[in-house]
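What follows is a pair of complexes built around chain A, which joins chain B in one and chain C in the other.
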Partner chain A sequence: MSLLAVTNWSVSYGVNKIIHNIDFHIEEGEILLLMGPNGAGKSTVLKSVFGLTPHGSGEMIYNGQSLKPSPDLMVKTGVSFVPQGNTIFSNMTIEENLRMGAYHEVNPVTVEERLEEVISFFPVLKRKRSESAFAMSGGERQILALARALMTSPKLLMLDEPSIGLAPKIVQEVFEKIQMINEEFGTAVVIVEHNLKSLLKIAHRGYILVQGKIAVEGPVEKVAQSDVLEKAFFGELA
Partner chain B sequence: MQILLNGLIVGSAYALMGVGFSLIYSTVRYFNLAYGVIAVWGVYVLLFLMERFAVPFPIAVFLGALVSIVFGLGSYVLLFRPMYRRKSSPLVIMVASFGLLIILQNFASLVWGDTTKSVSLSDQILKGYEFFGMFITANQLAIAVTAVLMVVLLELFLQKTKIGMAIRAIGDNQELTKVLGIKTETIILWVYVLGSFLSAVSASMYALEIGVKPTYGVFFVIKAFIAAIIGGLGSVRGTLLGGLILGIAENFGVYVFGGQWQDTVAFVLLAVVLLWKPEGVFSKRRLVSIE
Partner chain C sequence: MDYLLHISILAAIYSLAVLGQNYASGFTGLVSLNHGAFMGMGAYGLAYFMKTQGLSYPVSFFLAALITAIVAWIVSFPLLKLKDDAFVLVSFGFSFIGYNVFLNWQSVTNGAIGLKGIALPEFVKTWENPKLGFFIFILAVLLVSLWSLKKILDSSYGVIIRATRENQRVTQVSGHDADGYRRSVFVLSSVFASFAGSFLASHISAIDPLLFQYHLSVLLLVMAILGGLASLRGSVLGAVLLILLPEALRFLGLPSSVLAQCQQISYGMILILLMYWRPKGLLGEYSI
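Moving on, here comes the complex of A and B:
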């Protein structure tokens, strides 16, 4: 049984259909890559499944249960989302940012335990835990966003372009952390990403989206050999 | 020194008023001009309870503030929230809030009359206190003590409670709070409760000095607005300091130029801040012009 299975999924903005009846699934503990050219609808798929944008039709089964996408429900059932770009509360301290990740946790003891576990996993955050997040570098901000997403002990982590705006060396560090999260906590990860070269080494499976439809799917080695992305970038699939 | 003390005391009332205004702005990003008149309604209820039922001042302040909370929540749920959900521009919502200000002000005139009514701590004349060559009246002492108490409680609430942290988070990055599964509309309701309470308490305290009349709603919202701009919109600590600066500047202005220049001093100060540091004197953020 898949951790998350989405069938016949469509998303429309007004009269424009962006995502066309796609099916996809995520297995427990795997890293799934969602690729495609600009405007293919990759981020839209992720946001609609999490409930950040309304979806038109389709069914979602998470952990054996049918779910209606809504951020608070998703978080409570063990899904965390890290949006692209604007990822932290810059007027709060690093520790406060992390605590916000556990907003729905009612047991304060669990929050404290989780905080210590997460913060010891990210040494850069441990050193600066009481400092303001305002002065953090782009890479540190992304690490903080990842750490905050782990505060709920999620089964599934959704990452929307985690490398955006980061220097290549930092991107590598962020991807290594994603792999460590996957291996250490067994968290399934779905990543929407442009920066494919490094991710192909750590991902297990992938989908290529072109104009709101799935063009290729399968093990990442197979997807990497596909010429669909190249054709899509050069407009040959338009 | 006496002028400084007077300025600090008036400024503490402005600071409280500004903090509520700033909190609401930071979460919804529109100016709520009805904020002051909602506070005025709280003061009238306080006065009514004291005169009609001899309710002690502190309890009457609290009950008056509860009425302001009802007005504040009502204005949000019935007027601002539907506009906010329809993604009306902040300018349109501000104009609507101005309309509400006029309606509530006229309604207050109808119910309570147009004349200024004085508010006092009790029926008896209370003696003042002298220290280090300065004199402080019982009213001023009540304002200062209330302001300090409210600020401490507010800081504790915002720093230590989940809802307080969510309020700060929404003010910082509302989109991100949605990603964390926080129901922003529920938190905004809490902000209206808090903002309306602060406005009513600060207006009640300031009414000890100047009394109350329906048009004071405009006066209160202007002072709150200036304090918030000086300190940095959305910054609680900045707005507190902004209110104190405003109170001190006004008192020195009155001492030098005369009482009729009080508002002019406030607006000159506002203009200077907007020219020199438009993001607010105590704000870490920088405003960037769009060309």
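Moving on, here comes the complex of A and C:
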């Protein structure tokens, strides 16, 4: 049984249909790569699955249960999402940022244990835990956003372009952390990303999305060999 | 003595209104320019229920606040769809609607003439100096409000509402109903404005629409910015300073027609100077 399976999923913004009745699934403990040219609908898929964007039709089964997604429900059921761009609270300390990810947890002992576990996993955050997040570099901010998403011990982590705006060396560090999260916590990860070269080494499966439809799916080696992405980028599939 | 008491009552009333303004604008980032209209609803609500419906002061006071809260809740739906400049402008639009309702809803507000003979609460009338009793009562309400808001802001709810000011999207993806939190803040802040409006109506005993025109909303925001956004003590300081400032201008010996204009100019100058030299205000932790 898949951790998350979506069937006949469509999303519209007003009269514009962005996602056209797609099916996809995510297995427990895998890293899934969602690829495609700009405007293919990759981010929209993640947002709609998390409940940030209302979906038009389709069914979602998560952990064996049919769900109508909303951010609140998804976080409670073990899904975390790190959107693109500015993803931290700059005027809070690093520790406060992390706690923001765990306000659903009612047991304070669990929160403290989780905080220590997460902060130990990211030495850069441990060193600066009482400092304001305002002065953090782009890479550190992305690490902090990842760490906050882990505060709920998610089964599934969804990342929307985690490398955007980062220097290549930092991107490599972020991807290494994503792999470590997957291996050490057993967290399934879905990544929307343009920076494919490094990710192809760590991902297990992939989908290529073109104009709101799935064009290719399968093991990442198969997807990497497909010429669909190249054609889509150069306009031959448009 | 009466003059000092009058100024003190005004300072306490405006402090209460600015607490509400700052709760929304400073702590939550909802820079509202319609809290003057909410004050008007509190004032007209109290006057209407007491004078026209013959209800007691406490019942009228809380009914006015309830109606204000309901209006704020309804207004929050279109407002909270907007961000930043658009939010400010549309909230300003609502203050114009409020003014026009006060001006034209003759059967309730008595139009441009307004309502007169609004009484103080019954329980202060037994005091030798009822105005002193009224001041102490408002002061008590102000202190309870300060204490309550401090408790709210120190709670996990308070952390989340500040987070919505910082980054609404990330608050949402952390699993919090960001709009729900912002809506609750907007509604509660309108209740503080309503309380202040009701007290103002009792204190000056006569109200008309001009009192609750857009400039009142601007004044409340300037008071909050001067004292310091996201600061409870700053809310009181800003209100007290801007109540005292026009009084200080009286001692310059200017003709009354010029004096009123000078007061308005001084509010504008303060806002300009603050934005350049101290955008966080005197005690604030956050700048617009």
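Annotations
Throughout what follows, the second predicted complex is superposed on the first by the 238 of 238 C-alpha atoms of A that agree within 3 Å, B and C clash if a C-alpha of one lies under 4 Å from a C-alpha of the other, contacts with A are read in each partner's own complex, and residues count from 1 in each chain.
Note that a residue touches a chain if its C-beta (ideal position, glycine included) is under 8 Å from a C-beta of that chain, and two chains touch if they have at least 3 such contacts.
Remember, predicted model here, so these are calculated numbers, not experimental data.
With chain A as the common reference, chain B cannot sit beside chain C without a clash. Legend: residue contacts after superposition of the two complexes on their common chain; A:V75 is shown touching both chain B and chain C. By the touch criterion defined above, A:G165 lies against neither chain B nor chain C after alignment on the C-alpha atoms of chain A. In the superposition on chain A, contact of A:G101 is made with both chain B and chain C. Of the two partner chains, chain B is the only one that A:F134 touches; chain C does not reach it. When both complexes are overlaid on chain A, the residue A:P54 reaches neither chain B nor chain C. Residue overlap on chain A between its contacts with chain B in one complex and with chain C in the other: 50, 52, 71-72, 74-76, 81-83, 86-92, 96, 99-101, 103-104, 148.
If you check the complex, the residues on chain B that touch chain A are 162, 165-166, 168-169, 171-173, 175-183, 284. Of all residues in chain A, only 50, 52, 71-76, 81-83, 86-92, 96, 99-101, 103-104, 134, 148 touch chain B in the complex they form. Those residues of chain A lying in contact with chain C across their complex are 50, 52, 71-72, 74-76, 80-83, 86-92, 96, 99-101, 103-104, 145, 148, 152. Interface residues of chain C facing chain A in the complex, by the touch rule stated above, are 156, 159-160, 163, 166-167, 169-177, 286.
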